[in-house]
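Shared chain: chain A. Partners: chain B in the first complex, chain C in the second.
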Partner chain A sequence: MINSLKRKQVLTSQEISNRFSILRTALALLLAMGIAILLIFLVSNNAFRDIRSLLLGPLTSSNRISQMINKWIPLLFTGTAVCLFFSVGQINLAAEGAFFAGAFTSTVVAIIGGIPPGLHFILCALAGGLAGAIICGLPGIMYTKFNVMTVVSSLMINYVVLFLGLYVITNLVRDPAAGYEASYRFKESARLGELIPGSNIHTGLIIAVLVVVLGYLLLYKSTFGLQIRTIGANAAFAKYSGMPVAKVIVFTQLLGGFIAGLGGTTEVLGLYNRFGYSGLTNHGWDGIMLAVLARNNPKYIPLAALFLAYLRTSADVLNLTSNVPSEVINIIQAIIISFIAAERFLAGWEYKTIVRNTEKSMALKEGVTNE
Partner chain B sequence: MEALNYRDDTVLTMKDITKIYSNGFVANKDITFSVRKGEIHGLMGENGAGKTTLMKVLFGLEKPEKGQIILNGQEVHIDNPLHALEYGIGMVHQHFMLVGSLTVAENMVLGLEPKKGLLFDYKRAVKETEEIAERFNLPIDASAIVNDISVGMKQRLEILKILYRGAKILLLDEPTAVLTPQETSELFVQLKNLRDQGYTIVFISHKLGEVKELCDRITVLRKGEVVGTADVDELTELDISRMMVGKDVDLNIAKKEADPGETILRVRDLNYTNQFGKKALNNLSFDLRRGEILGVAGVEGNGQTELSEILSGLLRPDSGEVSIKGKSIIDMSIRDIRLTNTSLVHEDRMIYGASEEQSIIENIIADRYFQKGYSNNSILNKKNNYEETTALIEEYQIACDGPEAAISTLSGGNIQKVVAAREFSSDPELIILSQPTRGIDVGAAELIREKMVSLRDRLGTAILLFSADLTELLTMSDGIIVLYNGEIVAYFPEVKKINEEILGKYMLGLEKQSPEEIGGVIHDK
Partner chain C sequence: MSDLFSLIFTADFLGSVIRMSTPILFVALAALVGSKADVLCIAYEGIMLFAAFGGVVGSAYTGTIAGGLFLGLLLGMLLIGIFAYFVLYLHTKPLLIGLALNILGSAGTVFGLYMLTGSKANSTKLGSLTFPELHIPLIKDIPVLGTVLSGHNVLTYVAFLSIILVQVFIYKTGLGLRIRAVGESPKAASSLGIDVNKTKFIALLISGVLASLGGIFLSMAYLPYFTRDMTAGRGFIGIAAQSLGAGKPILTGIWILIFGFADAIGNLAQSFRLPSQFAQMAPYLTTLIGLVLINIPRDKKKTDNPL
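Let's look at the complex of A and B:
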């Protein structure tokens, strides 16, 4: 009786905490945008035009919309991959390297001729995914076998991958006729087609959406996901409950790596006709930010990734149409991350709200008992 | 019960203190509490009643939402422990705040180190330690490493530490929780000595007998509120327990004679050396039979933790055999041990027993999610898990906002009920049960104990019960073994014939039974 009354009129402390967590994210976004606008005022020679570009730029032409969607696709892969890593409690930063490894490994397969279309892409995807799995799996194995800190080993492995990849491209599959440091042309049979003819948006979008959906179902609906999240929340508890902790950690790193590697594959085979990267692509780092924004839940990755893709497209527009440097976008990104990672941000307000709420529910309870 | 009367000798008053924690838990609600100079004042209440919080407010560790602290007639603001010490208020925490690898003297002067030039003057630290120990008649070996001294000595060091820092009002948070009966009576003598020298002591406890014996006055808290303050002489133990719990408590659990069956758990010649090279278990052998509760007594650190962790698969022994229903478990994973129909309750509830950030449902299914009904083809069966958790919440009377509430929103007693609900609901044949009621309220403890007896009688569950609470061991166990220095030094097949004093002697290693008597615990010859 008291309980049901309480639930109707007063929130539980947990509900308040959840609301504050959403508020924290929303406020961080607003603050970041506010600061960006302020910066534009300071440096721009046509502030109103440039603020318009920042806010609405990506929507001004269909070309820009497809650009934005193409920027969105790889983020869906790396965001989901990092959600998996973080959910099992591993700060694995190798999604960056896995993405790159996926790109150059699938390149090697994609230049082989004589494989039928469809099958060719599947082979490329397998090669890219497996390369990614190895890259992210190694830090996981090193952690479970030798207790090497994942954050250190995974960070380092990115550079190993980068230079290994550049070696492979420049020494094994470099096309001297390309005119720049790039691989031979991908065979048409390996490339991803356009999703809607004339739109420039490639079919990798379908794979990306599938990955997000499956990632969400795996994490939140399956027994394997329960193991992942339990280990991430309290590994000692998971072990004592009988969960195979080391196995789950390693498998999750392999799976996340596969997804990131598949992302790299989709990216090069969807957008380009040769491998032309000369450095890391930042998609893995972006994945980390997205996982933080999405609180490790793939369900929120599409929204978070869309936001980032939108900002990046705005940056391109600004770059083309104004004197505002596109680095403004990096500032926005940094501010958002700092605010969301700051657990104590708004903590005082949250605490006061909970105290007031509790006082209210105490008064209410007394009212009921007095009647 | 007398109203609070402000007498001349009132040295400290806390007025209308309200403290609400960030999870919305109201730990103290309009508490008014005062102590007189030169008294030992018992602060009583069940776990979760708000005793520790109130003392933390006084010691500057928690900031209250509301209320005043009046010291010697003047309002003071205490924002941190250094402040509190300046006002002459010192606190000894439930868990020792000592650096184990340093010596007694180094711990004593930590933060106030005597210097010789720029360097730490260790000799003077030792000298000052010896001086203060002598002044208060609390002898201690100043140059011993803290890890090597007994629990009673650590307690003494903690008290000396705050005396060294000039405390006149001593707040002791459940100081006897880790002591043997003998160490406890020694501590009481020392505390009475301090009182006679004019020191004021607030003694937090939920043990009726101790408070009756030691304190001059008591204040009882219940659910964050003051129930009353009274002279100890005016109250019987039953009065106090009624004030604490709010109803008459039955201190005895209804329990019939055990009817032990065949051996379920068999342990032979078990040896384990810990990471410091200390022999934690030395040739341990015993049997636990179906339908029997075997208690394991011992002062903390005499091998109980190691034994329970070996039996649950967390540690591997150096040598020896352990088998459950005839199958060796030495090379088994924890999952495989659990699959022999064994339940495991670790003494550390918040690390091994529960996952704070996850829901009650996820905590309940953590050991069974892979079984049919809880999941089908690796997909969690949400409906079944929700319903089953709801039923368990009902059965174990878990106070919560529903099955999806996070564990972090529950009180200690309710968290332990969640642990018990999980481990007891799988119809286990064997339970390795460590500290099942440590630090939880009487109501929750009573429920858990009833469930234990019911499992024993209904299913013939064999229970190996590790507990630091001797009263619990004596009421719940059918037989008791005592561990001292990693060895079984006594086996009592009939618990009725012994009491806490007798257990205490064996726990301290003052006495040891003959090998024949100890061998009585081996039923499978």
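Let's look at the complex of A and C:
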């Protein structure tokens, strides 16, 4: 009894590690904000107003809050997708291409008339998801069959998809009456409605939340998820213990690709009435940042994505109300990723704390036995 | 179509292949040196942007090309220095810090551009300098060959010369040997008294010089000014090319010429009303197919793939 009471006063090494990882995150945020504020002072003609916009801009009107939530939705998809890729140990960067593919493939389906509402969206989602699955599955197959580095193949695939999509949009489904490079209008039956009337937030939010929850359950509460994580941690070990390593890797890439493609589908059908992208959208790269922040666990994706959506909305506010380039936000993002990913940042301090703590707990234990 | 073919085999066209190959050749060689030290750097996009921007600013403010070269190299090296420090000393995953630096490269240069010129698009206002073209005596007078080989930018010759320099450096010098040693077996190298991190750091800095030259070429030769995100994925193509070249400088150089060829055809195809997107896609598709092809005959046991 006394033993367990006394032990509560000291932390385990694991707890200290967790505390340091929170400290690292906090310091990274502070450092990034500090640099951002410095940059704003350098260029702004009204620095205090702009710093306020950076910190609080997204909360200043209900319109901006819905804007932020709409920016949050696609990040939930790509963040979860990249968690899957990284968990199985594949550095697959094709979520970017899959998102774009999902967007333009579902566009082709969404302009077909005469399909009942509901069913129409489901068909679009299937088309977009399958396109994404193929895009992300290819690097997985190339790795397992031909030992091609996933990083390189997925980077190249992104560009192939980009130009394929631009070809489809500018040659096959381009609406000459649109006035700019865009597809024909989506049929109303394919579009996603508003979640709460008048809020501008689309129903893709429900799909996104489902994806995150299912992604978490799959990775952390199922046998298959255990296989995924085991392969990610040590593929050779997984192989010798009899897991179908190649199959799991490929399936995980297909599934993540499906999710990213579905993200592209909900994004275009939720926010726009035509497809009008002229380049890659960066959602896939954002997904990578989110997976890093969430340490490959979909459970933390919503929080990380909310943070990023908040920053992006700040960027929009800055763009509209000040002369500060919104690129400040990307600089913040770069600094945050760097310091959170730096595993040995503050390592000396962490090490000393763990050693001191262990000495303390051993001394305590000795004290208990002596009694 | 036959018009297209007659255009392809003109001296002008072959000259443009060489011109378009230059920046990716620099990055591919940079990636090659990095890969010899077994560090996967995807930050070349950001490094090239910093260098391209530095080149423009340096030459505009000092009024000399040397000033541009100096500032360009300095900024490029700064970025790869950060990369190397994070990877080697702070144990950061190379992919993540690479990703972060690419974002920083893009956003940082746009921010800097805006501060100096008030424009977020390009640096035409600064009036920066360009590297001169080199007309090689004797060769320039040979009918067809002269047009293909002479009259290119100085940096283009530096790029092609670098193939040989890198080949010699990696395979014939002590430092090159040490870099290969720490890349292939860091433990063995360390047991022989080689400082692994220091050697990798040096390799990355050399890689940074090459990538920076690629960036400087973009803004001080290919175009006479800086435009936002002007690298347009060249950093990634460079990585792919070195992967296709299996770490051999000369083979990598050949792949680069194939890319340059595909790039130049893309430019031509547009004037023939072929869908330009397919031409633009060609280099990337070539890479993908090439990656599969070069890996088919390889003995699986030799690789570290556990599958």
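Following the convention adopted for this analysis, the second predicted complex is superposed on the first by the 361 of 371 C-alpha atoms of A that agree within 3 Å, B and C clash if a C-alpha of one lies under 4 Å from a C-alpha of the other, contacts with A are read in each partner's own complex, and residues count from 1 in each chain.
In this text, contacts are C-beta pairs under 8 Å (C-beta built on N, C-alpha and C of every residue); 3 or more make two chains touch, one makes a residue touch a chain.
As the structure is a prediction and not an experimental result, all values here were calculated from the model.
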item: Chain C versus chain B on the shared chain A, clash or fit after superposition; value: fit
item: Partner chain in contact with A:209 - chain B first, chain C second, else both or neither; value: neither
item: Partner chain(s) touched by A:146 [first = chain B, second = chain C, both, neither]; value: second
item: Which superposed partner A:236 touches (first chain B, second chain C, both, neither); value: both
item: Partner chain(s) touched by A:30 [first = chain B, second = chain C, both, neither]; value: neither
item: First, second, both or neither for A:363, with chain B first and chain C second; value: neither
item: Chain B versus chain C as contact partner of A:13, first or second or both or neither; value: first
item: Partner chain in contact with A:224 - chain B first, chain C second, else both or neither; value: first
item: Which of chain B and chain C A:345 touches, first, second, both or neither; value: second
item: Of chain B and chain C, the chain that contacts the larger number of chain A residues; value: C
item: Chain B and chain C, minimum CA distance [Å, superposed model]; value: 5
item: Residues of chain A that lie at the interface with chain B and also at the interface with chain C; value: 236, 239, 347
item: Parts of chain A lying in touch with chain C, wherever the complex brings them together; value: 39, 42-43, 91, 142-144, 146-149, 151-153, 155-157, 159-160, 163-164, 166-167, 170-171, 235-236, 239, 245-246, 285, 288-289, 292, 325, 327-331, 333-335, 337-338, 341-345, 347
item: For the chain B and chain A complex, residues of the former touching the latter; value: 20, 22-26, 29, 65, 312, 314, 333-335, 337-339, 344, 346, 351-358, 362, 365-367, 369-370, 375, 378-380, 382, 401, 405-406, 409
item: Chain A-touching residues of chain C, taken from the complex the two chains share; value: 40, 42, 82, 86, 89-93, 95-97, 99-101, 103-104, 106-108, 110-111, 114-115, 120, 233, 236, 239-240, 243, 275, 277-278, 280-281, 284-285, 287-288, 291-292, 295-296, 298, 300, 303, 305-307
item: Of chain A, residues touching chain B in the complex; value: 7, 12-14, 16, 221-224, 226-227, 229-230, 233-234, 236-244, 347, 350-351, 354-355, 357-359, 362
